[in-house]
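So, here's a batch of structures to check.
In the two complexes below, subunit A is the common chain; its partner is subunit B in one and subunit C in the other.
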Partner chain A sequence: MSKIIVMTSGKGGVGKTTSSAAFATGLALRGFKTVVIDFDVGLRNLDLVMGCERRVVFDFINVINGEAKLNQALIKDKRIENLYILPTSQTRDKDALTREGVEKVLNELSKEFDYILCDSPAGIERGALMSLYFADHAIIVTNPEVSSVRDSDRILGVLNSRSRRAEQGLEPVTQQLLLTRYDPERVERGEMLKVDDVLEILAIPLLGVIPESQAVLRASNVGMPVILDEVSNAGLAYSDAVGRFLGEDIEHRFVTPQKKGLFSRLLRRSA
Partner chain B sequence: MSIFNFFRAAPRASAVQAKERLQIVMAHERAGRSGPDYLPMLQQELLAVIAKYVNIDENKVEVKLDRGGDCSTLEVNIELPAREQAKAAAAAKTAEKPAGNDDAAAKRAAGNAGAKKRI
Partner chain C sequence: MSSASQVAERDAPFQLRGNSFTMMVLKVFAPTSPDFFTQLNVKVRQAPNFFRNAPVVLDFDDLPESIVFDLGAFVSQVQALHLLPVGFQGGPQPVREAAMTVGLTPMPSGRAAKLEEVVKAPDPRQQDPHQQGQTPIPAPQVLIEVVHRPTVVVTEPVRSGMRVYAEKTDLIVTSSVSPGAELLADGNIHVYGALRGRALAGFSGDGNARIFCHSLEAEVLSVAGNYRVSEDIGSDFYKKAVQVFLRDGVLSMDLLKTA
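Then we have the complex of A and B:
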């Protein structure tokens, strides 16, 4: 049986797509057959971050509408074995996502894949609701910032009341926090919420802390999931988070300011 | 004030304020989310009960809600109009006691609406 993960946040621009690309790649690197689905209908972006934008022919909505076969729409990653992308439509709107249609596609995917990762759009409308509805696990992507934390709490409420598991009285969707764009130096100056503050407020387990990193933009420029940048802090932090998700006990890194020696200054380009 | 003092006298760290503000607003929001909101119904039923015994002027009903961390209070202030009789009787008995607004009794109902459960 495959597991369905939703990468969600409520707020936009916090790093869901970046994290979806990194996580899907990380799971595939560890040998799990993984597909990552873009639920942001109308605003296709996952294809760019994954570097497969020029290979999109059919999309998720075409499959839902029966206009294309699932295997025609699935894009196999060129770098990583076991990794597939299901891009979304740029032309339709989110009403094209019906619960029955999404369920049909997920059922078909679950015959083949170990993990199905759903990249949620922002907001709490249809696209976001559909992306979380069938989830077994939710990764709550949050920035250490007031509106992001509040929106994450809203999404936790939605997961606990409007997901399939909630509606059918099944075991609840597991929820883990991925705190992204964390800047330990600003935290030390008292300008940014600490990991512990956010954990105390949201009260869900911590999956990982991804530092604010220039490597993220560099990676998205070239269409490479940042987890493949193995010298960057962000890449390493994502890798750790994937390990934790799979049950490994890995200590959190990059949560305190790094010592600014000559060596680290020279290395800063890759930080 | 020297430039050093200027920097030292910085207000509380903004992150501390961020945390406090979040804790307050989210406690309220979570409470509002816990189940169907029974407060409007509680208020209506309370008024109905009181209306069985006294005339209530709908415009003289004040409802306040204070959502705290562990416990919330619902405060319903109902001004009970002194009826002509009661007024007369009261006037006859105690001349020094002014009638009218000050005579109004306040009914207070406290409801624990502090559920922290998310739904």
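Then we have the complex of A and C:
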């Protein structure tokens, strides 16, 4: 039985696509057959972050419109077994996402895949609604700042009222928080919200804290999901989060500032 | 009710039913005062949406016996502020007569007591069987508003962008209310988590309604249109257990003392 996950946030630029790419890769690395779908019609990005932009012929919208078969649009990842990408169209807009069309594609995918990961666009309009409508589980991507927290709160309300599970009175969509771009030093200086502050407002379980890291931008520029960067904190944190998602008990790391040696302290002072 | 009479009821060109409405009462102390409409205008502008085209009953009870003023002009000036005078209560005889001529309905004086009397009109089902036997044709059906409306209870967090309205009753939220969420109740509002959004009690004008919360971090508090924004709440009450109510028509806050 396949599970549909939506990666959503309300606010833009918080790291949904980065997290979708990392998470899908992490699930595939652990042996689950996984597909990640780009719901951001018109602002196609996932293929870039996954490094398969030059292999896109047909897309999600072509499949919805019956212009291509699902197998023609699915792109198999070159690095990892079991990982597939369903890119979206850059030339259409969100109106191309019909509920029936999305449902048809998801039904077909669920016959084959263990996990279907939907990368939601920002906002609470059609694209975001379609990406979360069929979800069984939601990962809420939030940055430690008030506007992001408020938008995440809004999207949680939308999940609780406008998802298929809510509309049909089924078990509610399960929800977990992924706190991204977390900078423990800035938190300590009071420039960012603490993990606890965010949890207090959103009141959902914490899946992981991804530290602010230069590795993220570096990875997305070369089209490599950051989880594959095994020396970066961000990569390790994503890997932990995937483990927790699968039920493993892993302690949270990277939430407190790293102890500084005398040398770096001196450097900082002279800077 | 038998199906035959139901059919008859449906075919009838009208239906007569009892209903109760919440209306504002405008107590008139000094209608000739030069400041009367300036001050009323200030009040109305505090919550223009709340007051727009709101029906009001003019209360002349406190007018001096000897007062002389142009009631027609007075009513049109009230209307100019987008209030709709629909009736009046009390007042010296000449004023009452003048009010009738401009088309205002005389309302029974007094509030709570009279209202209850209306609500407690005899239930036909509880009538003496004797009497029922004597009246084979059922009297025109009068539907009576239920006195007690069940309180609305919310146990899930009220998220940003959500709006909960407890119509004609109280609202209880057992979890937190996020910034950007809105609670509305015609009665009282209780929040047992943190209140971070907006809370508007006495939404239809009940000045006796109150807001109770465990941790006051609200964006806006309002009782019967008297509101306060978070800037004006003050650090003494921030994150404290607080009740909010009208004290002599002014929105006030008190710390809730816990034993």
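The working rule: the second predicted complex is superposed on the first by the 261 of 271 C-alpha atoms of A that agree within 3 Å, B and C clash if a C-alpha of one lies under 4 Å from a C-alpha of the other, contacts with A are read in each partner's own complex, and residues count from 1 in each chain.
Note that in this section a contact is a pair of C-beta atoms (placed from the backbone, for glycine too) under 8 Å apart; a residue touches a chain by one contact, two chains touch by 3 or more.
Source: prediction; values computed, not measured.
Q: Report clash or fit for the pair subunit B and subunit C bound to subunit A in the combined superposed model.
A: Verdict on subunit A: clash between subunit B and subunit C.
Q: Counting only touches as set out at the top, which of subunit B and subunit C does A:157 meet: first, second, both, neither?
A: In the superposed model, A:157 contacts both subunit B and subunit C.
Q: Now for A:24: first (subunit B), second (subunit C), both, or neither, which partner does it touch?
A: neither
Q: For A:190, is the partner it touches subunit B (first), subunit C (second), both, or none of the two (neither)?
A: first
Q: Pick out the stretch of subunit C that clashes with subunit B after the overlay, from 2-10, 110-118, 128-136 or 200-208.
A: For subunit C, the clashing option is 200-208.
Q: What residues on subunit A does subunit C touch that subunit B touches too?
A: 150, 153-154, 156-157, 160-161, 200-201
Q: Show which residues of subunit C lie in contact with subunit A when the two form their complex.
A: 156-157, 159-162, 175-176, 178-181, 194, 196
Q: Which residues, counting only subunit A, touch subunit B once they are in their complex?
A: Touching subunit B: residues 145-146, 149-150, 153-154, 156-157, 160-161, 187, 189-194, 197, 200-201 of subunit A.
Q: Mind listing the subunit B positions that touch subunit A in their complex?
A: Per the touch definition, subunit B meets subunit A at residues 13-16, 18-19, 21-23, 25-26, 29-30, 33, 118-119.
Q: Subunit C touches which residues of subunit A in the complex?
A: 124, 150-151, 153-154, 156-158, 160-161, 200-201, 203
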